[in-house]
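This is the structure, below, for whatever I ask next.
Labels for the chains are A, B, C, D, E and F, by order of writing; each one numbers its residues from 1.
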Amino acid sequence: MCLGIPGQIVAITDEGRLLAMAEVSGVRREVNVACVAEGALEALVGQWALIHVGFAMSLIDEDEAAKTLEALRDLGEAQETLEQMAAGAAALEERA
Amino acid sequence: MCLGIPGQIVAITDEGRLLAMAEVSGVRREVNVACVAEGALEALVGQWALIHVGFAMSLIDEDEAAKTLEALRDLGEAQETLEQMAAGAAALEERA
Amino acid sequence: MALRDERVTLAHGGGGKAMRDLIEEVFTSVFQPPGMEDQARLSAEALTEPGAKLAFTTDSFVVTPLEFPGGDIGKIAVCGTVNDLAVGGARPLWLSAAFIIEEGTEIALLRRIVATMAREAEAAGVRIVTGDTKVVGRGGCDGVFVTTAGVGVIPPGRVMGAERVRPGDVAIVNGVLGDHGATILAARGDLSISSAIKSDCASLGHLMEAVIAAAPQARAARDLTRGGLASALNEIAEAAGCGIEISEADLPLRAEVVGTCEILGLDPLYLANEGRVVVFVPPEEAQAALTAMRAFAEGRDAVVIGQAVSAHAGQVRMKTALGGARIVDMLVGEQLPRIC
Amino acid sequence: MALRDERVTLAHGGGGKAMRDLIEEVFTSVFQPPGMEDQARLSAEALTEPGAKLAFTTDSFVVTPLEFPGGDIGKIAVCGTVNDLAVGGARPLWLSAAFIIEEGTEIALLRRIVATMAREAEAAGVRIVTGDTKVVGRGGCDGVFVTTAGVGVIPPGRVMGAERVRPGDVAIVNGVLGDHGATILAARGDLSISSAIKSDCASLGHLMEAVIAAAPQARAARDLTRGGLASALNEIAEAAGCGIEISEADLPLRAEVVGTCEILGLDPLYLANEGRVVVFVPPEEAQAALTAMRAFAEGRDAVVIGQAVSAHAGQVRMKTALGGARIVDMLVGEQLPRIC
Amino acid sequence: MKFASEFRDPKAAKALLVEIARVADEIGATREKPVHIMEVCGGHTHSIFRYGLDKLVHEGIEFIHGPGCPVCVLPRSRVDECIEIAERPGVIFTTFGDAMRVPGSKRSLLQSKADGADIRMVYSPLDALELARRNPEREVVFFGLGFETTTPSTALAIQQAAREGLTNFSVFCNHITVPEPIKALLDDPHMCLDGFIGPGHVSMVIGIHPYDFIARDYGKPLVVAGFEPTDLLQSVLMVLSQIAQGRAEVENQYARVVPEHGNRVSLAAIADVYERRPSFEWRGLGEIDASGLRIRPTYAAFDAEEKFGIGYATGQREVEEAEGCACGAVMTGRVKPVQCPQFGKGCTPEMPLGALMVSSEGACAAYWQYGGARAAAE
Amino acid sequence: MKFASEFRDPKAAKALLVEIARVADEIGATREKPVHIMEVCGGHTHSIFRYGLDKLVHEGIEFIHGPGCPVCVLPRSRVDECIEIAERPGVIFTTFGDAMRVPGSKRSLLQSKADGADIRMVYSPLDALELARRNPEREVVFFGLGFETTTPSTALAIQQAAREGLTNFSVFCNHITVPEPIKALLDDPHMCLDGFIGPGHVSMVIGIHPYDFIARDYGKPLVVAGFEPTDLLQSVLMVLSQIAQGRAEVENQYARVVPEHGNRVSLAAIADVYERRPSFEWRGLGEIDASGLRIRPTYAAFDAEEKFGIGYATGQREVEEAEGCACGAVMTGRVKPVQCPQFGKGCTPEMPLGALMVSSEGACAAYWQYGGARAAAE
């Protein structure tokens, strides 16, 4: 039971029942935001959350996401450099 | 609300609830015989009754039925005699 | 034997393997349609004859109960469409069969229905060449609905149509009236009546061919389904622009049908049939038509019930048994049992 | 205007005047079938050509809700049968339309459905020539069921069939996948999702004719209905006895369809379509087929999604976006929304 | 069919017709100055048209179709109340088939059913009782409708429900009585009736003496008649004979079914379960004193009026019939259906305006369906 | 899709694969002597097959598919109990779609529905709650199923029902926990696992520390992972790196979603509504101590076990799994699905014998559907 997906909170639909509209790639569904409602509900609008069985279970930390992506990018670049170096070395060898 | 039809009681189906099977031209339906159950229920079997909205409302009096039919027959015969007499008279007149 | 379920579930309608198993095991293994595409590809010499016409008709069948004395929904689904082709003068060739099935339907029941259809199609000389199944949730339909469409060929020069009936033409029916309607009323159980009647359900393709051969001037025919004889005659009277006169004394009715009607306050003229037809032929061909009909089991009790007249155009009248007359109008709505 | 009721009652199914009024006012006045008999009588020159074949197919349609963004049950009833004819290489000519109607259905809704059908039939160049209506009690069916059967003609010499697909043939679809299925899931309301997607519902008769003209060696085509692309490809792979390989990166999918699938844990490969077709053509005709498709609104987004291969016969495999591979099997039952 | 087909014998019918013609001539009845005989009962009207008796009898006999179809005389407001009950959540509303098409002020039961009410046709109140047994979580209401014929069956069903202690069964009581409207008709200054055919199945329950006042106080003959064609013809002959002989008596043509004093069990059940309403509304006739029955307080638990606080129980009832409807005049014999300005125009069986067009028992519907009246209207 | 498609980037995936291969070679992992990494969660299994990651990673990495599909580990007797509840009169039984096809000892919920039970698929326990509000005369039972991911949503629904005073809503609680079965696996003498991919959405609720014992007591690395392909590959790399560096820690690859200490509201709701069962039965694994939750007595009014006197509440439970099923061995990583003698023969997705073939999350079903495993079986 782990199918959770990131969705953006686009509106608060029922303050009393802690309901908000979430959007995933243009598809909307009302979700309960009890788990992520720490301050004013309105502050949630625009934020991204992990949606699971009709609940926003956790807010997505954009910084952490960026960090992860950056690590991936670094790894890719490092490899490219390595490859280029390997290719350069091979070329040098060939020339030699 | 007067669609009643003659049916024959062919069996008692539920003594307690006064139910019997009635038959009309080979078609059977269970009917309540409360209105016609004076003595032993079994005595109803074979009798004809007027069936209406699921109840046997009245037993049919075969003698009275016969009397009515006889009256009709008599009338028919009387008319035939009259016709014959009229025909005879006409014939006589013609011959005359 | 991939199909191990006893009842149809929604999985059998989902477009996947369960559906394919159901279709293959219950339907196509019995009907054996030609080819594997979702369309039948057919050649018929008769259709290429110049002047031949293609006849095309359809009906949905929704009877409750699905099985009843004398038949089941599959049988009437084949007979009904064969008959709609035949009464128009067409020779029935091919049927399609589309099933809408309620979740929870017993697969054994489906197999029985399919077997009846295959048997009836063979007897009628038609092939069930294409089909479809849909499964709806419980409560989404009443058990099983079957829709058949039929394709036939009308030989060159053959024209039958209600508008061709003219005064003097004789009306013949092929047997007793209302057996199907009375059977269904009893089989439903909610009116608590029972009798030994069976549905008259039958394919009339062969009979109609024989009638048309014997009475080549046959004007028109109608199968007597919903609305019964009365509705068919009214339609013909209206289309032909002439009157129709029938005689109560000549109407072939089984005692049990009369009894059912008396109990429920119904009129047998409006009861449904599934194997009855009224044919209009010119008087000089009436005897030949009757004789042709009577050679078939489903035409053994064929009789003349009346004729077309020039009076009261568009209207059907009946001479009552006592010599009176009454108009036999179209029914307004459903025939509802009366108590008074 | 004999029809004054706002809703269908059982009287409209009883075989009497109420039924005739309903049929005349709502159905035949719009479809204008030829003649007054309960069968259409049709002549088609194309059918008399030597070697021409008659194609015959049927489907029942049971969609909930009856009206949805991009269409209604009437539209898919016409498109579905037109497409079943077209993908087999037939030119669709005539349709039958049988309606099963629940007591209480709004007559205005019926009129809208019928109007859509007439419009769609005209656009597809077919005629609705015969039909039927049945009324069932409340709860007897879910609103309206429509069953269409279709007759078309396959020109002499034209043979299309899944078994003709051979390794190297290119698979083309005419547009984005799963719009219909995603639309219906949202329109049903019980999953409380909404989006701006519309059903892809469309008649593909003209498009198929153009494709076959442009790619005369076209091997086979399948409309992607229940079970989606995955089921159609599996059927073809099995019938052809070869493998099929598609590429995830090439699958045309709308963001909203992907979103719907992510939310519900569904796979878009199995979502239903009502205006999508996969066509297999030899590689040398692929470009011509694509160009022909793209000339139509319903083929604007046509793309190559894969090809037949000699490996893994009978099996469909997909190269994932990451370069991995997975088997795309037939679905087992219905696709059920997952939560995990 | 025993006790039925014997009474459809064409020869006997012919003999009766000849004799009727003889007596009619004897008393000088002509097309212009006919004898007006009212068959009170809709079932008789039905038989007359079904066998074409109106065409067969001497032209000096004119049948006047009385108010004896309980479906037809049901006022629109009462149908509205049926629908109100039927549409309550949890209710299964059961009714005889006839009543399904009767128009209320906006809709019929058939239309209400199409709109979603759970309305079911039954053949007998016992079927409704059985439904109540099988659906303990639902309230099953039976639409009690009809004259003295049907009244005892509803009473017996209520007694049975009480015995079984059912708490989810009730009757919406619309039972009415025959003698009272006849009295109302006889008191109408426009009345022009010469004799009556009495409803046989009503007398099967109540006997023949409740009609004594007609002969005694109004000097009109009444013959209690069966429903087969020779029954009707014989009864016509009996009425004519009384007229010819200057008699005014209550006679019983239908003795094979009708006991002089009615049915003991039925009468006891009626007395036990019902009491008379001060007055009851009839479609086309208005309020008639003491012409309706209601369920006694002892059986209030089975009284849908009480259970749902509806209709006469609330004292709030609006009465308004369709405009331009001549039903009242037709039922009092002043006007023939074809003479109604609405007949076949604003009022047809498909879209009945007045009550007499609704049930196939109704005079106008019977005219339309059987009578050649449609031809006349053309 | 934001926060999704970025993590499906083929270039990044390729870089990760290269790096994984490098580290795998470094530690000497080979096809013959692979590193065994268990992805505990069915969602991860699903992703692995959906993207073909098993084929893409270095051949020295072998994924072992863990017991983390709550549908798969549901014992047959529990499904039987669902059906028993669903078939009670008046019950609307609501469930996630996944659970519909799980075989009980005789039937699945899908078959029970076909047989007439009112079983409805919902997307959220809130949808079940809404059904209860709209059908006050019916008892709406929600099939509470799942790990810590789903557990709080059911708890919140019960709290909401209690606030509203609903009396017709209850939950058939089958919620289970992840750490306990991992402990059971680690205690298995046949265990041959080198590291774990931890379920990200479970940790989103409970945080990462409940897994500390794995590193501390068993010396195995665990990386809490997201569900996108690069998430998984990165986590594999992180596990490998720990192995290469001789570390055993709990790390968090999925920090964008998983807070170190989980979600406060969810944990509070869980603590309020549930207590631990002494033990709970897992399909293929048998009874595992303290691995299941039940509803606290304070919320007994919403506990279907209590309301219907069923299952653990009665103390009467028979446990008997299908014969010839290797599910336990597959779930403990001892055997691959294709090595099960039933795979593709007695056990297919059409007719699942064992639990792992039922849900598309199940290891055997995923093998069948995505994995080329069918080809292997041919």
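Just so it is clear, a residue touches a chain if its C-beta (ideal position, glycine included) is under 8 Å from a C-beta of that chain, and two chains touch if they have at least 3 such contacts.
A quick note: this is a predicted structure, and the numbers were derived from the prediction, not measured.
If you take chain A and chain D together, the chains in touch with both are F. Ranked by how far their CA centres sit from the centre of chain D, the chains are topped by B. Across the assembly, the mean Cα position most removed from that of chain F is the one of B.
Shared numbers divided by all numbers used gives the overlap of an interface; between chain C and chain D this overlap exceeds half, so the copies present the same residues. Comparing chain pairs B-E and D-E, the larger number of C-beta contacts belongs to B-E.
Superposing the C-alpha atoms of chain E onto those of chain F requires a rotation of 180 degrees, given to the nearest 5. Centre-to-centre separation of chain C and chain D, using mean CA positions: 30 Å. Spacing of chain C relative to chain F, judged by their CA centroids, is 56 angstrom.
Between chain A and chain F, the centres computed from C-alpha atoms are 23 Å apart.
One finds 90 Å separating the Cα centroids of chain A and chain B. Annotation for chain F: residues 1, 4, 14, 42-43, 70-71, 96, 98, 101, 110, 123, 127, 146, 149-150, 350 touch two or more other chains.
Annotation for chain B: residues 1-3, 5, 24-25, 29, 52-53 touch two or more other chains.
Within chain C, the positions touching two or more other chains are listed as 9-11, 17-18, 191-192, 255, 258-259, 262, 265, 332-333, 338-340. For chain A in complex with chain F, the touching residues are 1-6, 8, 17, 24-25, 29, 32, 34-37, 48, 50, 52-55, 57-58, 60-62, 64-65, 67-69, 71-73, 75-76, 79. On the chain C side of its complex with chain B, the touching residues are 186, 191-197, 255-256, 258-260, 262-263, 265, 338-340.
Residues of chain F that touch chain C in their complex: 101, 110-111, 113-116, 350-351.
Remark: chain C residues 2, 4-5, 7-11, 17-18, 21, 103-104, 138 touch chain F in the complex.
The residues of chain F lying in touch with chain A in their complex are 1-4, 6-7, 9, 11-12, 14-16, 18-19, 41-44, 68, 70-71, 96, 98, 123-127, 145-147, 149-150, 152-153, 156, 160, 199-202, 204-205, 227, 230, 234, 253, 255-259, 263, 265-266, 269.
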